[in-house]
Structures are given as structure tokens and as C-alpha cells.
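Next, two complexes with chain A in common: one pairs it with chain B, the other with chain C.
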Partner chain A sequence: MLNSLWHTLFAPGFFSSSAVWRALSMSAAVAVVSGMVGVFAVVRGQSFAGHALGDFGTTGASGAFLAGLNAVWGFLGVGLIAGAIMDTLGKRAKERDIATGVVLSLILGIGALFLYFDTTYRNTTGAPMTILFGSVFLVDPSLLPFVLCFDGLAVLLLFIIYRPLLFSSLNVDLARAKGVPARLISILFMSALAMAVEQSAIVVGALLSTALLIGPAAIAIRFTHRPGKAMLVASMIGIFSSWMGILLAYDSYNWPPVNRGWPVSFFIASIILLLYILSHLRLRMGTRRGKKVLQEG
Partner chain B sequence: MYLRSVANTAPDPVLTVKQVSVRFGSRRVLDNISLELQAGDFVGLIGPNGAGKTTLLKVILGLQPPDAGKVEMEGKVIHRGNSRVGYVPQKISLDPDTPMSARDLVALGLDGHRWGIPLPSRKRWAAVDEALAAVDALRYANAPVGKLSGGEQQRLLIAQALLTQPKLLLLDEPLSNLDIRSAHEVVRLVSRISREQNLAILLVAHDMNPLLGAMDKIVYLAEGRAAMGSVDEVVQSHVLSQLYGYDVEVIRVQGRILVVGGEAPLPVNQSISVWDEALTHVE
Partner chain C sequence: MWSVWHFLFAPGVFRDPFMLSTWEGASIVAVLAGMIGFFVILRGTAFASHALPKGGFAGAAAAALLGINTLWGLTVFSVSGALAIGWLGRRGRHDVVIALILVFLLGSGALFLNLSDMYAPEIYSLLFGEILGITPAEVRDTAIIGLVSIIILLLVYRPLLYVSVLPESAQARGLSVRRMEMVFLFLVGLTSAVTVPIVGALLTFSLMVAPAAAASYLAKRPGMAMILSVVISLASVWLSILLSFDTGWPVGFFVASLSAFAYFLARFATARRRAIFPKAHRQPAEM
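Up next is the complex of A and B:
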């Protein structure tokens, strides 16, 4: 009885499959980076920049496919360049968002063209699906060390710029007056953001990379008001959602249409959204209870 | 002889602004401004909107290089990030979800410009608590900053500016957006800190009335020109008329001072702004 329940939860072969282990470890690494960087992206109001970086990455990845390279290099290369360009576009968040929005459609158009060539000339029909919606089960095992390496780099970068970044996220004028090189910090953060977004593009796809970046961070800052704790909680939520997503995707192999698993990204994005809604509900109930106590007191 | 010896023993000024001019394109924002602050001076920098008050603060902070003249802090030319200068910027509004406690925010004043993550240190938090106590903010030391009121956030920013033990504290419009009572509270607080720590204060405001009892000197800025001295010396019709470049009248009513624009040979909107000032003074 217990045994059958176990097998319903974890379909046979889940723990023995090397692809599953690879997916679990890779998504955990990506979730940690996304969660940590995401807290700052949310606080700095750069959610849109994060989303745009994912879209820019699409064009890079489809270009890389066309050139016969692995999509990962396209994601990272274009993401880092686009991040640097977006940072120089405007000093104010609004300015930057408008400029980014204008360029975004052009870049996505080029991406669509690349994807079309991918499917016609190179005969890789899976390319659009893989790039746009991710496929953590299909990532080339030889790339794992590189991905982990870039993850480590992004975390290291974030640790180095932590204090000045926190300061200039609070108020740029104040930080500059205290001697913080705000421009440099902003560019360095954009690089960390690009790395985080493009990494999660590999796991959940370019279109949904924002889910891992913004979702867990947005949930985390509702519950904690210390920066370090928020980063930790966001990472944990990211790991939980992506592991649950992988588990469900593995189980879905037996769901209709049988023997074709559902995309992991669908599950991860749904779980994050569910948690986000729950966090809103809980918080509301919390404040209502708080008010009641105040009234009674 | 006597006069000279007095001049020699007079303390060196904390801040010296020497003949500073700033132009934005063809517009003269600051025109040959000079002023001096001694330790413990509480000086109000007063003037209508667009007079160049914030620009002058930026020059003093080293954020805006002047086109002419220079600024010295304790005899040395200023530079950006001087730990002897504390700064509280104009209306900061923090997002309600900002993941920071009051302590976190204040601690940035100590080492927010340093690289890396802060190492756990009892000394660091003791310094933070001391600054919080100086502005009566220990009560909400652990509260999330985004949930605090504008006045409470302002106290935290003052505490943050005090952490490096500055000799000069610059406050940009700390009284705007505050009701009259809270404004008087902030003035009392700043005035007390100035006395306790022998700190020179330069407080920017567009309305001088909440500062009347507290400030030692006034710097009145209009049309990029400045006059400095005691309130009685500076706030006179002929002095201010010279600054504005047209006739204004100073009226004293029930202990309050109103500056009323006269026949201004200026575009209509500018003369209206002077009248606006007068109206805000009356309220």
C-alpha cells in the first residue's frame, strides 16, 4: 500500500535516472542564482529588464543553433552583451524600460527569423520548443560544468557588489554621495542578471526564465524584511518549485498522451504562480487577524 | 591689533564655498556664491523652487563640478564620498516591500560603499544602535523600512548620515511633505544633534518659518544669487529685491515672515511662483 503510494509519487526510475539527477542538480544551481539575483531585480524595479534579457537570449540561442553551436553559448553571449547595452540606454528605470521595449521587438523579430531557418535549413524541428520553453532533461551533460561555473561566477559577483548594490538600490543619489561608483555597480549587476536569466532560460526556457527570477523573489520579500534572508528564502522557493516541476514532469510520462512527458516549464511556472497567490492570501489573512487583535486590545 | 588677534583665533571654517558658479547651458544656476560654515552652525538654505538650492548641495557633495570657484571642507578641496560630510537626500520614498530593516538601512551609512558582504560584528551594530538612539528611532530598529512613515524614514536617514561622525550635515528639503508639528520636531531634533555633536548643519527649505527660532544664520538663494547672515540682516526687502532682481517685499505677521513678489518684470509664471511662496508662508 505504502509502496504503491511511493510509486505514484515517484514513478519508477526517478532516482536511478542520470538525466533526472542532472536535471535536479542543474535546476537547483539555477534556482539559487535566480533567487539571489531576483531579490535585487525586484527591489531595483528591473523585472522587465530581466524578462527582456530572456527574450534577447532567444535570438542568441537560435542563432547559435543555426551556427551548429549549443544554445547555451547563444543565451550567455547575447545576454551579457544585451545587458551591457540596456544598462547604457538610460539612467532612469522608465527611460530604460521604454528603450528596451522598442529594441525588444526588433530583436525578437530576428529571433523568429533564426528559428525559421533552424527548422528549415538545419532541420532541427525541436529547436523552437527547446529554446522558448526549455528542456532541462535534454541538456548536454558535458555542459553541466560550464553552467555550474557560470552560476558560481554570478554568485561571486553578487557577493562582491552586495553592499554598494544594496545601497544604490535604496537611493542612487545617496549612494553616489557616499562614494559608491553607481554606474559600475549597475553594469556589474546587469551582468549578474544576464547570467542568472540565461541560466534559467536553459532550464525553463527563454519565455519563462522570468518565472524563476521574479516569482520566488517576489514571494520571499513578502515574508522577510532582511536582504540576506530574502535571498535565502527566494533560493529555497526556487529549488522547491523546480524540483517539484521535474518530479511532476517525470510522472507525467504516464499521463495522456501516454509516453510523451509534459514540459517541465509548465509545472515550474504553475507551482511558482500557485505559491505567489498563496503568499498573497496568507498575508491578507495575517493582516486581518492583526487588525482584529488591535481592535480587541 | 586687537581685531587682528581675534581674527587669528577665530576657528577655521568647516565648510567654505568660494565664488562658485554653475551654468546649465546658457542658464546661470549659481552665480558667484560664497559662504562659510563654522562647527556647530545651524544654517538654513532658503529660497523659492528652482533657485539652485539642490544644485548648491550637489556642488558641496562633489556630485556637480562647479564651472568656477571651489568648495573646501576643513581647508581641503572637497571630493565625492567624503566621510566628514553627511547627506540626507530629498524625499526618498521607499517601496513598502523593501527587504530591509531600519537597522540594515542605517548600517549602510557605515560601510555601504565597501565591497563584499558585511561580516558579523558586534561593534558595527553598536555603532548603528548609537546612531538610532541619537534620533530617537530605537523603538522601530527592527521594523521593515518600507512600512515606516515618511517622518520615521527621515529619522533613519539622518541616523545613517551621522554614522561616519561627520563635521557637516546636509539636509535637502527635510521638512517638505511633513505637517507643521512633525516639521518642528525634525527641526528640534537636528538642532539638538548640532549642539550635542558640534556639527555644522546646512538645511534646505523653501519655507523659512519652521526654522526661525532654531537657525543661527540664513543663506537666502534666489535667481542663483545668495545672501548670508542673520535672519534680521538678510530677510529685508532691499536685500531680497537685489537677489531677485526685482522688487519684493518682506512682511512680518504674527512672528511669521512672508516674502511677497512685487511688480516683476518677468514672465507671468515666474512671478506667480513668488506669490505661491507667499501663500505657503501664510497657511
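Up next is the complex of A and C:
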């Protein structure tokens, strides 16, 4: 009885498959880094930029493929350059959304051209789909050292600029008046964001990189106002949702209508959206009891 | 003389029957996206205009799974995505809500694709556009729904402009800011649904953002900005079709580059003017 319940929850072979263990550990690493960087991305209102950086991966990967380079350099190169352009063009808050949009459209257009060359001269078609939708089960182990290295670099950069970044994210005018080099901090944060997002786009695809960057951080901010704690909570939520997603995707191999499993991206994205909506409801009940909400998340 | 003409306009670019549908369909899309784009820029909703065409892609995959017309799937998903953004956006940050709705739609798209056996070229054409394969039936559908969207847009033009520029004052005058926002998002969703099947998600997004962004730096009055946006949008689409026909390269690349080029040109031209005449300083929002 207990055994059959166990088998319904965890389909046989879940704990003995090395692909599952790799997926669990890689997605946890991605969730932690995305959660930490994501808190700042959400507070600074850079969700669009965070998503755009993930989409740049399509262009980066197809460009690197065309040039015969390792995909990592394509991802990072396009991410860092386009990130710097977005940041420079969008100095004022009003311009930021538009600048991000124009740069994203341009980079995607260039990506369409690269993909066309890839399919014409090198005969591949599946690449864009893999990058866009991704799958935690298809991680190329040879990329892992690069990914972990840039992960570490992104977190290190975040810790170095932590205090001035926090100050200028909460009140940029005051920070500037106190002598914080807000422009420099902004571009450094964009580089950290680019590194974090590009490496997670390599591991889990552009779709999940946005989901794990924005969702957990936005939920965490609703529960705590201390940035350090928010980063911790966001990482935990990210790990929880990606592990749940992996478990459900593994179980879904015997689900109707076809026996080939449902995509893990679908599960993780749905879990995160569901948690976000639930956090809204909880917060509303909380405010009704008279709790003061200081921050919109 | 003829050789120059043929170099510029490859033989058949105007006469082939399938090219006729391409010109018609692409022009309708350019006008529609250029008009909506004016409000996209004014209200700063470039993210929504990226998310809805791309998320509508899930609808196309669902339609393929159920074996119904792609347009229906796209309409249902883009419009309900738009309404969900408007509804959830009331109590949270807009950009966060858009990002989460987008990934949810894309995740569902991945699921439907997985279940339905769609071919990679079909997906490629939905995302990046395959402008040279438009059928007359698609042009007809786009023309009808596009006309409906333009009529709605012209009907709400004044209140929407008021709400976008001076929300507090509009609210005090009895206009519902939220309702206008819903109407606007609905229009973006509807526009995405009709334009994505014929030009792809990328092209729709490019045309909804870049031409209007360029126009916002050049025009002084709102009506002028909207007309200019349509003109830039049409010019980049027409030029792109010619270039794409000549080279065989994807049309999405040309539209994205040309309209981004227009944006950079407009922005830097006015930046220099501003430096010379500081009094002419004008932010795009204050058009």
C-alpha cells in the first residue's frame, strides 16, 4: 500500500537515473544563481531585460555554430555586448523599455539570419527549438565547467557591488547625490545579469531561465523586505519548483495521450505561475488583517 | 537602364500572383502594427508587445494539435494572455506578470508541440516569419480582423491618449484607467493574433516597437507621430520584401535591422539637435 503510493509519487527509476541526478543538481545551481540575481532584477524593474538576455541565447548559439566556436562564447558574447547596449540606451526609466525592445528585436532579427545560414549551409533545424524551450534532461556535460565558472563569476560580481547596487536600486537620485557611481553600477549589474542568464539559458533554455529569474524573486519580495533574506527565499522557491517540475516530467512518461513524457518546461513554468498567484492571494488576506505592505512586488 | 531596374527589382517581384498576396498581407500588417505601436511606445509596453505575439505561438501549436485553423488558436491564446496580464497586473508589477504569463504560454506551447508532431520549419515560420508564402485566404482573414482592430483603435483614440499621457487627470474626469488598459491590451492581443500567422512573432514585435519609437523622437504631435510610425513601418516592410526577394535571406532580419536603424537614426539626430538647442529638449512621453 505504502509502496504503491511511493511508486505513484516517484516513478520507478527516479532515484537511480544519472540523468535525473544531473538534472536535479544543475537546476538547483541555476535556481540559486537566478534567485540571487533575480531579486535585484525585479526590484530594479529589469524583468524585460532579463528575459531579453535569455532570448539573445538563440542568436549567440546560432552565431557560434556558424563560426564553429563553442556555444558558450556565443551566448556570453552576445549577452554581454547586447546587455551593455541596452543599458547605455536605456538610461532614463522611460526609455529603458523601448530601448530593450528595439535591441531585442534587432538581435532576434540577426538570429533569424544566422539560423537561416545554419539551415542552408550547415543543415540543422532542431537547434532553435532546443535553445528556446530547453530541457534540463539534455545538458551537455562538456559545458558544465564553463557554466559553473561563469555562475561563480556572476555571484562574485554581485557580492562586490552589493551595497552600492542596493542603494542605487532603491533610490538612484539619493545614491548619486551620495557619490555612488550609479552608471557604472548599473552596467556592472547588467554584466552579472547577462552572465547569470546566459549560463542558465545554456543549461535549461531561454524559457526556464526567465521563469527561474523572475518568478521566485517576485514571490520572495512579497514575503520579506530584507534583500539577503529575499535572495535566500527566492533560491529555495526556485529549487522547489524546478525539482517538482523534474519529478512530474519524469512521472509523466506513462501519461496520456502519448507515452513520451510531457516537457519539463511546461511543469516548471506552471508551478511558478501558480505560486505567484497564490502569493497574491495570501498577501491580500494579510493586508485585510491590517498588516502593512511596504513594497509592491 | 533595364539592368539597373532588374537589379533593384528582381523579375517577378510585382507580377507573380503569390507575391501579390505578400505585398497586400505585409502592408496590412505594417499599417496595423505601426498604429498600435504608437500607443505601445507612449505607454511603455514593449514587453507586452513582445510577449503576446510570442506567447500566441502556443495557440498555434494547440490549433495544430486539435486540427483547427491556426488563427483561432492564436486569437484565443493572445487575447486571453493579454487579459491575464491586465488582470494580474493590477496587483503586481507589470513586467513581472508579463514575464510569468509569457513563460507559462511558452511552456504550454512546448507541451502542445510535444503532443502534436509539428514540423520544425512550421515553428520557424511562426517565430521568424515566412513572408513569401502568404495565401489569399490569410490576407482576407487578416484584412477583416485588422480592419476591426483599426476601427476600435480609432474609436478609443482620444480617451486612450488621455489616459496614457495624464492618467490622474483622466481618472478625475471619470475615465477608467484600468478599463482603457484592458482595451489596449486586448487590441495588442488581437493584432498579434492576426499578424503572427502571416509574418511571424518576431516581425510583429519589431513593427510594433521600432517604427513608433523612431517616430516618437521625430514628431511633435501625437497624430503626426502615429502617421510617421505607419510610414516608417510601411517603408521598412516594403524595402525588406524587395531585399528578401533578391537575396533569399529571411525577411525578419531585414525588417528588424531597418526599423532599428530608423530608431537609432532618429534618436541620435534629435540628441544632437537637443545639444545645440537645449530648449528644444523633449521627452518621447510628452508628445
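Definition applied: the second predicted complex is superposed on the first by the 259 of 297 C-alpha atoms of A that agree within 3 Å, B and C clash if a C-alpha of one lies under 4 Å from a C-alpha of the other, contacts with A are read in each partner's own complex, and residues count from 1 in each chain.
The definition used in the following text is that a contact is a pair of C-beta atoms (placed from the backbone, for glycine too) under 8 Å apart; a residue touches a chain by one contact, two chains touch by 3 or more.
Computed from a predicted structure; not experimentally measured.
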Worksheet entry | Which superposed partner A:L273 touches (first chain B, second chain C, both, neither) | second
Practice prompt. Determine, under the contact definition given at the top, whether A:G50 touches first (chain B), second (chain C), both, or neither.
Written response: second
Discussion item. A:V180 in the overlay: touching chain B, chain C, both, or neither? Say first, second, both or neither.
Written reply: first
Worksheet item: In the superposed arrangement, does A:N171 touch chain B (first), chain C (second), both or neither?
Response: first
Worksheet item: Do chain B and chain C touch any of the same residues on chain A, and if so, which?
Response: 42
Response to the item:
Residue positions on chain A within touch of chain C in the complex are 42, 45-48, 50-51, 89, 92, 94-95, 97-98, 100-106, 108-110, 112-113, 115-116, 125-126, 128-129, 132-133, 207-208, 210-211, 214-215, 218, 257-258, 260-263, 265-270, 272-273, 276-277, 280, 284, 296-297
Response to the item:
Residue set of chain C touching chain A in the complex reads 41, 44-47, 49-50, 88, 91-93, 95-96, 98-104, 106-111, 113-115, 120-121, 123-124, 127-129, 202, 205-206, 209-210, 213, 216, 249-250, 252-257, 259-260, 263, 267, 283-285
Item to complete: Using the touch rule from the top, collect the residues of chain B that touch chain A in their complex.
Response: 61-63, 80-82, 85, 87, 89, 92, 94-95, 97-101, 104-105, 108-109, 111-118, 143-146, 157
Practice prompt. Going by the contact rule at the top, pick out the chain A residues touching chain B in the complex.
Written response: 39, 42-43, 159-164, 166-167, 170-171, 173-180, 220-222, 224-230
